[in-house]
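Let me begin by handing over the structure; questions about it come next.
Per-chain residue numbering starts at 1, and chain names A, B, C and D are given in the order in which the chains are listed.
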Amino acid sequence: MSMMLLAQACATGITNGLIYALVGLGMAVIFKGSRLINAMHGELAVVGAATAVYCVEIAMWPTWLAVTMGMLIAMVLSTLVDIGLVRRLFNRNAREESFLLLTVGLGFTFSAAVLYVFGREEHLLPAFGDEIYEVAGAIIREQTIWIVGIAAFILIGLKLFYKYTDFGLAMMAASIDPDGAATTGINVRLMRTATFALGGLMAAVAGLLVTPMIGVSYQMGPILTLKGFAAAVLGGLTNPLGALVGGITIGLLESLSIVYISSGLKDAVALSVLIVIMILVPDGILGRSGRKGG
Amino acid sequence: MPISLTRRTVLGAMLAPAIIRPTLGHAAEPIRLGAILSATGPGAGVGLPQRNGVLLAVKAINEKGGIAGRPIELLVEDDGSNPDAAVTKANNLIFSQKVKAIIGPTLTASTLSVGGVADPEKIAVMPFTGLGLEMEKQRRSVFHMLPTQDLNARALLEFVTKNMKTRKVAVLHDSAYGNIVMTKLKEVNATYNVDFVAAEKWEVGATDVTTQAAKIKATAPDVVLVIGNSATPFRNLRQIRMNAPLMSALGTASYEYVRAMGDAADNIIFAEFLVAEDPLPYQKDFVETFHKEYDTFPKTMEASAWDAVHAVAAGIAKAGPDATPAAISDAIRGPYAGAMAKFDFSAPDLTGLSLSSYVYSKLEKGKFTRVPFTAGQ
Amino acid sequence: MKYSGYILLAIVWLALPFVLERHAIDLLVFCGFYAVAGAGVGFLLGQGGIVNLGQAAFYGLGAYSSAYCTVQLGLPAPVGILTGVVVSLCLAFLIGRPILRLSGYFLALATLALGIICSNLFYEAEFITGGTLGIPGVPKLSVLGFALDTPTKFYFLIWPVAVLCVLSMRSLMSSRIGLAMQAMRDAPEAAMVLAIDISRLKLWMFLISSVLGSVAGSLFAHYVGFVNVDSFGVERSIFFLLVPVIGGAASPAGVLVGALFVGLVPEALSVLGDIHRVLFGLALVATVVFFPDGLIGLLKRLADTCIPARRQALKMEQSR
Amino acid sequence: MTSAPLLELSEVGKNFGGFAALKAVSFTVPTGGITGLMGPNGSGKTTLFNIISGFIAPSNGTVAYRGKAIGHQSVQERSLDGLVRTFQTPKVFERLTVVENVMTGAYKKTRSGLMAGLLNTPASRREIDATREAALATCRKFDLGAVAGKQASLLPAGQRRLLELARAYQGDPQLLLLDEPSSGLTTTEIEAMTDKLRLIASEGITILIVSHDMDLMGIAENIHVLDFGRIICSGSMAEVQENTAVREAYLGV
């Protein structure tokens, strides 16, 4: 097995893993702030990316404006979902499966709406840069480096946000102990709305970053959600850094099983290893921080 | 909803209503046909072009006065690329709607499942797939509109060995359609003796196949056969500077895939049936009609769909508009000269296409040109 | 008069095939498969609090076992169905023991992974499954020499099977083991203190669910006559999860209503053209927002207000 | 009956990471009567309970029940031997009715299996009916008769505590471990609870109560005081109240 192939497999695995991680990060943020699994996260990413593509290709807007629009739309959508629907369910103490059905249903709706408005074609956005780098024989696109940078930026930003800002602390407190938080004067409902807004924004960022690489289409939502979910859960769900590690783990597992076992058995091998990891490390890769997983 | 209405007019045929009723002016009782196409799911990439071709053919026939003075009424169903759904749709069309014949389905699996319902009723089915399993030869009313995978495999290797004159071949294929072709490639290779240096697979719906591409690149093949309904592998191969010529089957030979390929749409050869920029004499009429209607060029899928409707229409004309579905099937079972190619639905493979009817095209900088090469000689 | 509602339902059920067209009966038969497979998922969810995103794996195992045994080996249909059940039980046992130690979303992810792995293997094990080409020509089922070769005849098999499943689930729920299962769902530590063996109960539930998935898959194979990988993907698992959630997971009968919803609503909406998918999504959302206990909860409420006897009973209960 | 204590802890310690939650705790619970375990918040009471009931393993030391070390036994095995506990925040089965909650207490005394349940066999039905009758009687005994058909999630805090107690009682415990049974209760509710505890004890069931509620502790014949992971004092209520170490540590004097 040549070194070059291994290098390329690792580079590809990490790139794909980062994509999963970006989606997973947003899901972890939403879980952290609301104890919910957002099954429409991939669709939010698609909505953000599709909006940007629409603005660039049909409305002929400059890319930066289109991208901002994409983020804004996903954020607004996510916020509206919280205010209009999630809040209602919380008010009546709905069970976990109700939230799951809600977000699955919304995912259906969003992807169908994208199909209806935007069509069936797969679209690419212009990349941040077209440079191509060669490292140990592996081809790495400039976009990948941007994704790494932005993922790191988001991660550090989230860490600082949750640790040092009053708002971040309040958001966390509101989800971990809603009653306790309320007695200390935190507006729990507002915090959850903020969480959803942040989650929507992160979904759009993920969608926008990956569109130059894999192309956006209406039917991409579920696969993004599934991979992001796997990344987030593997990382322990409440830990954004865990989602990053989880995503890269899955990306590398897939890539290496193609190289060393068989491309036909990629999913079977990668997911079997995933199950084994979960059994061995039941709290997620990053340990105890994942206790809140269930 | 005013917005959706404007979208509807802009996107025209794509969002056309499910039932195409004949326009006013036809007093005669319409002849009812059904269509099962994959308008959503992984098969939509080929299902939608087929839908355009089918709709155009119905419109053209009705404009010319229909079949024996009676217009066609077409019921279009979407199977969502799923064979179970296709069965449900077929049950509806055959037993509830009492259609005379079925155009489609789009996918091999749906063809097998629909065939199981339609064949006992002797209702003609015109799927846009090639004969898949040996047992399908017994289904004498399922007429295939595309070549068998055996023939597709031959058409690819013909070009590789006789035009490119190379033997170092790699294959990148999907786990569905591509997997069937791969099996056939290995079988027919007894005659061609090429060396498959790599055969890699991607799962339907994959968003990235770069690792498979890298594995192929590592074997340094002279040509890569890319088989499956996705633009992603083309992009991924080119992104890692795999610059050898690529070759593909007819499914991906469409302008939509070319657009999705982006910069990768270069130096790709297709074994297909229609290059609309440079059509063969028997294809000119169809290309012109299509261009007038949609303002774009058709490809093989549209032509095949056009032919399917016309072959059924010819069968009905021959058997008489009030004939039973079985009689219509019998009438269809024979030679038919279409815009895509010459068919013979009475052939053992229920298609009758030959290697020589393939047209090879080369994609350069996003443009198709016809390659002067005839296979099977 | 207590049973008047049920008698009415039974009469409607018997009359339907004589009123509806074949296409509608065909859809109802599919609803029956969804109900049986969904009953397994619903049982895990409602009585065990376990989200199973891998039911399509067992549905597939059942379908392939039946297809392979009858088509390739020429064995009678019951052998195929039984093989499916045994294979599913083995898989559920082997994989269930380790993964059921996980909880919450970790367990959900593990079942999802199981579903994807099996779907992948169905593609790859071509020598058994036929890959994309699948296995055509699965023979029609016949009961006591009576061939079930039309949707109507199958309708009279599948719905009694589905109702039987629901009845057994209901009877289990009110039994000693069923109470223990629900106890485990609500407060696992407290259940342990009462000497309830949680891991064993979870495994049993998973086994029951897998059997239901497998049986539904086998019957599906015999009905459609053609088995192919496309029927056993992740979407199908999600679909099976929707069945109890829409119907109402708390009540075993919820799956019957949920199956009708997922089987009929998309088809009914599809006449509206491409917008139907948006509407289906919105219908799911509306269900969860307006009917907290699922559609069965709505039906119960309707019954409580409409049927005099029940209204009376309710009043008495409230005045107590 | 032997004179050996029902429960004996010797040198039990527990470390969480570097933090020693318990350091060499030793005490005994005699057969019969009510024993109390007191201590301020964070003194290690709940950890100790988790060790005795088998939810966590001690880092060192042994727990002996009826004269035998039970370190290797699971929660369920201990329960089968009659060692049953309650929780600091009552863990009732929210979606079951009150009587069904109590019925699950009798799980270990009944035998019907999975298949019997699925097939709804007459034997299974008979058994469950008998269980229900017995549970109803227990409900009445614990003043829950009026709410027996109600879903447990609708109960107020006081009745939840009683329900948890009734459920544990239904499993015929020999040693009942009660974790803060009075917390969150009103004075009248505490009185009712005290009555029930006396009633249970009078039937020969040994009770070990963890609490920092002095009033409730009044019913205990013997009290151990835990602070910073060790027993600082043992004796009767009066003795404990006189103890200077206890006054310093616990009463904050």
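The criterion applied here is as follows: contacts are C-beta pairs under 8 Å (C-beta built on N, C-alpha and C of every residue); 3 or more make two chains touch, one makes a residue touch a chain.
As the structure is a computational prediction, the values presented were derived from the model and not from experiment.
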item: Chain at maximum distance from chain B, centres defined as averaged CA atoms; value: D
item: Gap in Å, rounded to a whole number, between the CA centres of chain C and chain B; value: 36
item: Between chain A and chain C, centroid-to-centroid distance (C-alpha), Å; value: 31
item: Inter-centroid spacing, chain D versus chain B (mean Cα positions, whole Å); value: 72
item: Shared-contact residues (touching 2 or more other chains) in chain A; value: 115-116, 264, 266-267
item: Junction residues of chain D - those touching two or more other chains; value: none
item: Contacts with two or more other chains, residues of chain C listed in rising order; value: 120, 123, 274-275, 277
item: In contact (per the touch rule at the top): chain pairs; value: A-B, A-C, B-C, C-D
item: List of chain A residues in touch with chain C within their complex; value: 37, 85, 88-89, 92, 94, 96-98, 100-102, 104-113, 115-116, 222, 226, 229-230, 233-234, 237, 264-268, 271-272, 274-275, 278-279, 282, 284, 293-294
item: Complex contacts: residues of chain C adjacent to chain D; value: 168, 171-172, 174-180, 182-183, 185-187, 189-197, 204, 208, 250
item: Complex interface listing, chain B residues touching chain C; value: 4, 15, 17-18, 40, 78, 81-84, 87-88, 91-92, 95-96, 108-109, 112-113, 115-116, 132-133, 135-136, 175-177, 179-180, 203
item: Chain D residues within the chain C interface of the complex; value: 53, 55, 75-77, 79-80, 84-85, 87, 91-96, 100-101, 103-105, 107-108, 110-114, 116-120, 124, 127-128, 131, 164, 167-168, 171
item: Of all residues in chain C, those that touch chain A in their complex; value: 45, 49, 51, 95, 98-99, 101-110, 112-114, 116-117, 119-121, 123-124, 234-235, 238, 241-242, 245-246, 249, 274-275, 277-278, 280-285, 287-289, 292
